[in-house]
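In what comes next, chain A is part of two complexes: it sits with chain B in the first one and with chain C in the second one.
Presenting the complex of A and B:
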């Protein structure tokens, strides 16, 4: 481990900005809203501000992205297909461990199965990731329930932990080591290096007092979702509250559903766009011939929670699909963020006898 | 920074969003976490507004009809031609239709163009029937002609009454507030003929017979009187007209309420008591194309006034505007009845004041709506200019085709343009600065995000250019200059500036010298409120032997008022298609009991027959309508519009309009 004085964070981000498009959490000057955004000025990145409202997944898996153009010339009968220009290398600075785990879920979905998603790979392979340990939780956090925080375990090039006045820098890749060498960072003495584990411990201890908005004791819910022992009334109760906006999927760091749309652009040219989609939409599951295995809204809703918490799905992600960031709670026009659904399932599963 | 703050341009809720911009184009959108209305939420429409903004179905060039076809011409040539040809007709023969999605600046200047340059008061707005009724009742009552309750009040209210509308579909984020209020323990009551989502989320659903809402509200008012639950101040010196209202209620025989409304009288009584017993209460209803009729709004107003829930902090009626700037467009005078600021159009003193402000002699003759002009006999309208219009007027294709001149000004290509002789391209809301006034009087500034194409101007610049072509030079350099003039013209906007708007999330009018930061709780404003005049006869549409069903119409989530623009998106269009593909001929929703009785099956065709028309659609067998009630979503316009047009009242009168029909198996 190495030491980076806080005042020198700018050297780190500046060095990254020379080789990468730089992304990080920034605070809006007027509204004070925190978002994860492309920055021109590396000093805008602030590692102390709360978790950004938008998940960093948009950098590798944009909301809408042209992935291909194609054209057909009637006269010559010539058809041409062109992939879109390749993505510029990106550095993601200040990723919280929940969001990093979300990115790893996306990796396993997009790259770790039978087919490799080349567009995603193109974004992903040229990336530098600097994670940021949460030395205290935020009100919406429940990563301790989903085994995804408060500190990153894997997937970063560099990991920073604030130990007061300076960051402990943990390297996670050869690229990370090279940057540390280039910056000439001092090695951390053993006593200081031990502070990372202490910081994590202290952060976990703060959850009861500070992370008050959400709790999601998921293990019972995982069991019930996997075995299917959840009464239909529970899903109806949840489905009635779904406004079918799609937001839970859009804000989720690990949701990977997308739609493909071809649009004519005139003069024989067309483009193919990939865009975020959501399993809450009726049209998402509709098949050719009009069959829809998930027509009713409650059937679509239970798909989402099956995807996030069932064991069979977790095997694909090598972890639960939920990373405990709490975004789906705040963005939901109903009241069915994941923690509430877990509560509804647990309440049902602990019910001893039906009420008279 | 690629995420830029802005305001959603679909419904009147006015949620904040962050628009993703890159390479000079819109790339996406995200909810704005700290916006006071949206508070981090958007609906399915709001989450896909970038799809609309990036559609290739844009109008990018000025076009003029030559030899039957629209042909590209230089913008200046089209502007000159439009101005000259509009001026060639007498003022009474010219009309203007404003867009409820346009900014305050756009619509203020369109009104000025119509009145000060072309000398006519013939200007109106699309899709705003319900807003006219709401404004009328509220002006009559002496309060502000706009919502007395704010969205934040929903977070405090102890009692919320949702009237008719499925607000989870029309204004989903307002619907979210209602749901969250119920979750925190507020009493949420839905009064609607159909079991909508908001009805399912309500502690109480009073599923009344369609067309009887006014009677239910009157019965609640009568319960307050009978049981001594009336707010003392409401019947005393703070109000006017109590005696008249009480006399009107004498005409209601409580013994007939259950029969007329289909409701259990005790449930109505209990709801009235809950309203009276609450500390603060809000009534929410649609104000737009699917709004309520005047009498129902007047009764809701009177009920709330009687219960002491009008003119009090945190209480009152919240007319949910269905399109982003319906409210602002009325504030700006995009109506034949009012100049900007709800000043009567025919009023001599007003004409004098605005004549001075606009350096013009104004026409003292009140105008007429485009609808009235198109349907008048003999026809008097010769020329029509329409801004960003999507559907309503296409109901009169013959009248439109007979006009000497139709000018269409818009950003998106649509079926209306086929009637146009001249088409002028306009910027989208993301390509121009402008302010929009939401359903709770919140004036919000939306900054330009991307440059429009070379020939594309913001609408306010087009109106300025048309005035210039008529030799009237307006001095505005920016839309902020237009707002300065609005501040001078409209007292409730007098302290509004772009500088102040930019400091936060908008200002709620009245925003003037005394309240430079706006006024979230106008219910506290001093002044006496009046009971609105209501008829003392209480009848409801009743089924007959020939026509045993009461048919109503309504909107839906993904197929929204201006369906033409929703069809230019990808995901909302797909969601609409998911329903349309199941019911390609359109649908009528009926109960399982009725379906069994007439032998109809889900997705199989039936014929809906009224006294003046019929249509063939599929039956949708549902638990959401009661026996004897039928519902058509008029969003499947292509198939159903023809039938509904023959029943103009169904569209004009809003949600409470009813057509008696019979339904036959085919």
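Presenting the complex of A and C:
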């Protein structure tokens, strides 16, 4: 491990900015909201501010993205199909452990199944990742319950832990080591290196003491979602609460449903765009001819929780799809963020257990 | 995965030329196509039961089952105009170009069902996805026992591929049963829903596989009758259709329970379908 004085963070971000498009958590000038965004000025990245409103998934999987251009001249019958040009290499600085796990879920789903999503791969390759240990939990978080924090264990090039005045720097790749050497960072003495584990322990203890509604005891929900033994009333309740706004899917670090649309641009040209979608939308499964097997809201609303917690979906992510960032809790107008759904499943299925 | 292990056209469609358009029934046309680049055509290997993603320039892309037999037919699609993109496809003429990605999906069992009796039960344009398997099996007539086609539609003019069925009938021992929903002038065959033909056809049960494809109501009624006749759930095979955007297991629109129709399907046994825990 190495030491980076906090005042030198700018040296790190500056070095990355020379080679990568730089992304990180910044405070929005007008709203004051913390967002994860592309930054022109490396010094704007602030690792002390709370977890950003949006996950970093938009960097590798943009909300709307042109992926292909077509031209077809019906008179001459000349047709051309061009995929969009390669994306620039990107550096993601200050990823919280939950968000890094979300990114790893996307990696395994988009790249690790039968087919590789080539569009995602273009964004993902040549990426540099700097994670940031959560030395204290934020009000909506529950990464401790979903085994995705408060500190990163894999997937980073560099990992920073705030030990007061300086960061402990853990390297996770050859690229990371090279940057540490380039910056000439001092090695951390053993006593200081041990502070990372202490910081993690303290953060977990703090979560345990502070968290109330946002503790998610997911085990029973995982079992029930996998086996399907969830009373219909639970889904009815959740369906009634759902506003079908799709916000939970959009702020989720691991939700990756997308829609694809082609649009004519005149003179025989057209383009193909893919954009985030949500399984809560009524048109999600509607086919041409209007057959919609998922018309009722309760038939749609449970799908997201199935994706987040069922074993069959976890097999694709190699972990539960929920990474405990708590963003769905924050954005849901119907109060059915993931912890509440887990609680509803737990309570409802407890009722069925015979008590003497 | 295709039978031959050939590589699918995954992300960027290949340009194909429509060589011929054939009017089938009302609102359904068949489009014969070949690839602009002969090398792509040569490597485009399909297993019966797979599907492709078809791009109509300026309109969009849709998933469509492949009715042609990989062994003997020219590549073609039979498509009903039902939405924006399929209507745009119907406007195309011979010489026009389309984009093709694929083939995707698992495909029908063929080697696995050799030696068995084969029952095809189709409703309306549900015959389209079954066509490739029928042609394939008839071509290898000696490898199979009884081969039955039980086929119905709302009206006589909505029966697909009648000219082809006449050809198929020349195959020895190919049993056909037809029905339409209501009596109409000029129709002297059976009347009633498709599932009512199962019992009169005295379908074989032992060493038998049934392929069923049609609208959900018809499907459920047929499954019921086949079950009553004694067919086991794992001996009933269907091919499912779903809203699809990517074809490669990423966009998730075709999810039914834990399965993705594009990569795990579209061909499922009824035993599998029953465990999906969701409407089909």
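By our rule, the second predicted complex is superposed on the first by the 340 of 356 C-alpha atoms of A that agree within 3 Å, B and C clash if a C-alpha of one lies under 4 Å from a C-alpha of the other, contacts with A are read in each partner's own complex, and residues count from 1 in each chain.
FYI, a contact is a pair of C-beta atoms (placed from the backbone, for glycine too) under 8 Å apart; a residue touches a chain by one contact, two chains touch by 3 or more.
Since the structure is predicted, the reported quantities are computational estimates derived from the model, not experimental observations.
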Side-by-side fit of chain B and chain C on chain A, or clash: fit
Partner chain in contact with A:58 - chain B first, chain C second, else both or neither: first
Touched partner set for A:37, first chain B, second chain C, both or neither: first
Contacts of A:268 with chain B and chain C, given as first, second, both or neither: second
C-alpha centroid angle, chain C to chain B via chain A, nearest 10°: 80
First, second, both or neither for A:176, with chain B first and chain C second: neither
Which of chain B and chain C A:259 touches, first, second, both or neither: both
First, second, both or neither for A:119, with chain B first and chain C second: second
Partner chain in contact with A:228 - chain B first, chain C second, else both or neither: second
Touching partner for A:337 - first (chain B), second (chain C), both, neither: neither
Contacts of A:149 with chain B and chain C, given as first, second, both or neither: neither
Chain B and chain C, minimum CA distance [Å, superposed model]: 9
Chain B and chain C footprints on chain A, overlapping residues: 259, 261, 264, 277, 286
For the chain C and chain A complex, residues of the former touching the latter: 1, 10-15, 17, 36, 55, 57-62, 82-86, 95-97, 99, 216, 241-243, 245-246, 248-258, 263, 277-280
In the complex with chain A, residue positions of chain B that touch it: 1-3, 5, 18, 20, 22, 27-35, 39-44, 46-47, 50-51, 54, 56, 168, 172-173, 175-176, 179-180, 183, 197, 200-201, 502-505, 557, 570-571, 574-575, 577-579, 581-582
Of all residues in chain A, those that touch chain B in their complex: 26, 28, 30-35, 37-40, 44, 53-54, 58, 62-64, 240-241, 243-247, 250-251, 259, 261, 263-266, 273, 275, 277, 281-283, 286, 290, 292, 330-335
Residue numbers on chain A that touch chain C, as the complex places them: 68, 70-72, 74, 77, 79-81, 83, 109-110, 113-120, 228, 256-262, 264, 268, 270, 272, 274, 277, 279, 284-289, 291, 293-294, 299, 303, 306-307, 310, 312-313
